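We just call them A, B and C in the order they show up, numbering each chain from 1.
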Amino acid sequence: MSDADQTAATGTTGAPLAAGAPLAVGAPLAAVSPSATAPVASGAGKRKVYSGGRRWEFLYFAVRNKKLVIGLSVEIIFVLAAIIGPFVAPYPPKQFVAPAFLHPSWSHLLGTSYFGQDVFSLLLDSLRESYLVGFLGAAFAGIIGLAIGFIAGWRGGWLDEVLQTFTYIVVMIPSLVLLIVIGAYLKSHSAFFEGVFIGVTTWPWVARAVRAQTFTLRQRDFVDLARLSGKRGPSIVLKDIAPNMASYILLAFILLFGSSMLIAVNYDFLGLGPTSGVSLGDMLNLAELWSGLQLHLWWWFIPPGAVMTLMVAALLVANVGLDEVFNPKLRET
Amino acid sequence: MSLSVRNLQIAYRTLRGDVQAVDDVTFEVADKEIMGLAGESGSGKSTLGNSLIFLEGRMRHVGGTVDLDGKALPISNYRAMNRHRMRDVSIIPQYAMSALNPTKKIGSLARDLLKARGFHLADVLPEFRRRISLVGLPDNVLGMYPFELSGGMRQRATMVISTLLNPSLLIADEVTSALDVSNQRAVGELLTEFRDLGYVKSMIVITHDLSILAQIADTITIMYAGKLAEKADASTIVDKPLHPYTQALLSSLPEVGLRYEDKELTGIPGRPPSLLDVVSGCRFKDRCPFARDRCRDEPPFVELLPGHQVACWKASDEVKGLGGWAHEGAAGSAPSIGRAGGEVEHPGGAEGPGSERPGDANATALAPRVSEGLEAPVGKGQP
Amino acid sequence: MTRYFARKIGLYLLAFWAGVTIDWAIPRLMPGNPIAAYVSRFSLNSQGPWTALYQLFNKAFGYNLPIWDQYWHYWDNLFHGNLGISLYAFPEKVTTLIAQAAPYTLALLVPAITLSYVLGNRVGAMAARRKALDNTVLPLGYLFQAMPYAWLALAAAFYLAQIERWFPVQGGSAAGVAAGFTWVYIWGLVSHWFLPFLTVFLVSFGGWSIGMRNLVIYELETDYARYLRALGAPSRLVRRYAYRNAVLPQLSGLALALGTVIGGNIVTEVVFQYPGLGHLIYTAATDQDYSLLQGIFIFIIVGVLVANFVIDIVYILIDPRTRLSMQGAAA
């Protein structure tokens, strides 16, 4: 490290997160690249990465990072809309409150649907389930990916081989196709099922990234030290390795969150979503089924997709901002 | 005169403002001279060395001139400087072990580089091979990828590539830092050999390790907080240093043959001043055991004895035979001024005064080296 | 070398086995009885014919056999290229239907994936060094990447087909034009192909360009890039190296992204009623045509495996580390 670097560089993540691949799969984190399996933490020798001055430094950069601030603000607005939306919606979302096909107007901000529902109220009501499924999907994918990645990376050997093969097989089976087949037999399911299914099919890239990182970290001195001091494996993984990947895990979760919401739109659009659900994807599905396209009811199907795009784009932008905050090499000065 | 640096000022951009990492530095390096450039981390030695070849994104040329073989080096102009890189000035970077593109064979990397400089690999190939074997690498290294070599081998390959065009000046940045003791010596000897064989005309060896400089350097320059503190022949610096900082540096070095119990190793109390808001006057005064009111004025970097330049009022007076610079307080004890000063210098630091103890890794960057260097003497001292 | 390939092929076979087994197991694991579901479609009112028909189908589909025999028969049929008879297009063979639909899907996916990958990489690499381009590519890339396929397809169909009428809204070829090597027919194919292609292309393109941009920026900060610059290498050379190294993780990303692109393709085909496999599997699901459903599932898995194999080969060709570790394994 050159002399003056020391004032500037306090990195935690080495490789850039968004390495490759459309968001929905993620792939970002390590994939297989040499660069990505490289250093996790230039300060990894220090056990607690976020302590004392570090935390302030993080905040210092966080509030000054435009991407993070803008992305997070937009996201918060949508989350708030999802929470308070149903209470402030001008009309009950599912009821037929007006004549059908009304253009947007002051009394119906986004017009009315084929059935005479108020599209704006419908939109507010739909945000909740989209967020819920996104969160569930991300949480399950995160938990499975972390568990498998940690175990494979920490234990190595035959267990690693088995888990990697398993991961590989999961990658090979296109999840939407699988869900279509399952959905043909399963007559009804819940938002919880959808979230779990998304989680169960999207964890592989997290597992790969976490495995690679764990592999690198477990060769570090501080891990040797922990091992010598008689700590047990799980405890080392959770208390010594995981904290050093905290920023990494947070960034991965954000990407998973966005991709889960997008995958859910695919499912809902094909009618594979929760049976009695109301989500942004369901709105698209209904608009498609009831000839919204042919009837030029653009206010029925354009807003839900636009809102979803903004929700996910805001997450992506915040994610890049956060990456820059964690990784000084990416900071613009 | 090979290299002549006049009043060089290099700023380093940080998020908390510009740092004068190199402040008004003037020195010369003669033909055939190996100049050692030593100092603590953050002293600006690496910035100084790198500025002579490549101002990276955050570095900015503020003022001063650099002449090489009588011609001005346009160090602030990235493009104009390109003509001189590798041919006139070259570098073995601090990160030499990872300096080679991992997906490129060493031979074809050299070919691309040479082609970009207007040379053909075929023309220099025999010489290339000779040097490859000189540094102890197998002949087939040219057809190998960097990941097939060990870190030390990669560093040697980098050394050869950097010096292929026989530059006038070579900057060797911390080339021994990541090596074990025996390899340090071997690499040091290779550097002198490169000079002796005329592969490079003169050399600046940047390190925080005075002991390696004592072995290979002709002259040693000590840098402190962006300024030059002292420059003289290597033997003079080691045996008769004039600057209190140099003296402190040397006293923190373990001596060969000395029993560990006989003499306690001391770090230098306090920390180098923050370069963000530089104090006026001598920059070492807050850690200097001899500091006086006089030190509020900046001491000039002048030649006090033939070939011996120092920036210190005390040294200047002593050479002139003036006294009055006795050690304040009991001899041998850690100076109190330094410690107090160190605390004042670091507002907002979360650390308590406890962390300012000499020897604490945070407090003095020298400390880690001291413990590294300790291995040999301790081994001797303890049967 | 051989060991490396043996290992890879072993993985492929394992994945294939897993896919086929899942495909076989789903109807048997799901609640409800698929045969009963079939039979109830005939709207039989009395119990007698219902039971007779049930037993007939049960036997026809082999559900009366012991479970292992069923499994064995499944594989046996598979190896004889027999994926069963479709119900919704009775009495067409499933293989015939797939063979009709597959060219449409391949014509969408192959160009969409390769073009978006190649162009995305190029544009991303350019964005990494040009501030002005970066300021447009980056936001656009994020927007496209964040767009649900279904919505982008609907928006494109609405604006470019319904409002501007530049393209036909739905279908795969011009109606009422005989298939053949005629301009009218080919133009019909191309104009129907364009919008679904554009949809799949744009979403992937956003992802690749952003991924490449970030990777190149990262590579340009690495030690080897700094060293090259310090020795006065022209930025062209530095960028060439950075690009080459950044392509590697992008390529493994491509293997991971296949499933997503296939999913997006299905949705897109449904929006445009494009007669490819995606539309076919959707129809099969809504019509509860189970053998067709399962046949397409197998076919898609084979497709993914083949694509992965191609990517693996390319990776070996461009990454010396993999290549050499393979030789090491052979030695």
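The rule is short, and it goes like this: a residue touches a chain if its C-beta (ideal position, glycine included) is under 8 Å from a C-beta of that chain, and two chains touch if they have at least 3 such contacts.
Worth saying up front: this structure is predicted, and the values here are computed from it rather than measured.
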If you average all the Cα positions, which chain's own average lands nearest? A
Looking at Cα centroids only, farthest away from chain C lies chain B
I'd like the Å distance between the centres of chain A and chain C, where a centre is the mean of that chain's Cα atoms. 22
Please compute the C-alpha centroid of chain B, do the same for chain C, then give the distance between them in whole Å. 57
Just the number, please: Cα centre separation of chain A and chain B in whole Å. 47
Among the residues of chain C, pick out those that touch two or more other chains and give their numbers. 222, 245, 248, 321
If I count partner chains per residue in chain A, which residues reach a count of at least 2? 34
Residue numbers in chain B touching two or more further chains are 50, 102
So in the complex, which bits of chain C are touching chain B? 222-224, 226-234, 237, 241, 244-245, 248, 319-321, 324
As the complex stands, chain C meets chain A at residues 11, 14-15, 18-19, 22-23, 26-27, 30-32, 34, 142-143, 145-152, 154-155, 157-158, 162-163, 169, 203-204, 206-208, 210-212, 214-215, 217-219, 221-222, 245, 248-250, 252-264, 266-267, 270-271, 281-282, 284-286, 288, 290, 293-294, 296-297, 300-301, 304-305, 308, 321
Taking the complex as given, what residues does chain B use to touch chain C? 50, 53-54, 56, 81-87, 90-91, 93, 95, 98-105, 112-113, 116-117, 145, 147-148, 158, 161-162
Considering the complex alone, what residue numbers of chain A touch chain C? 15-28, 31-36, 165, 168-169, 171-178, 180-187, 204-205, 258, 262-263, 265-266, 269-271, 280-281, 284, 287-288, 293-294, 296, 298, 301-302, 304-306, 308-313, 315-317, 329-330
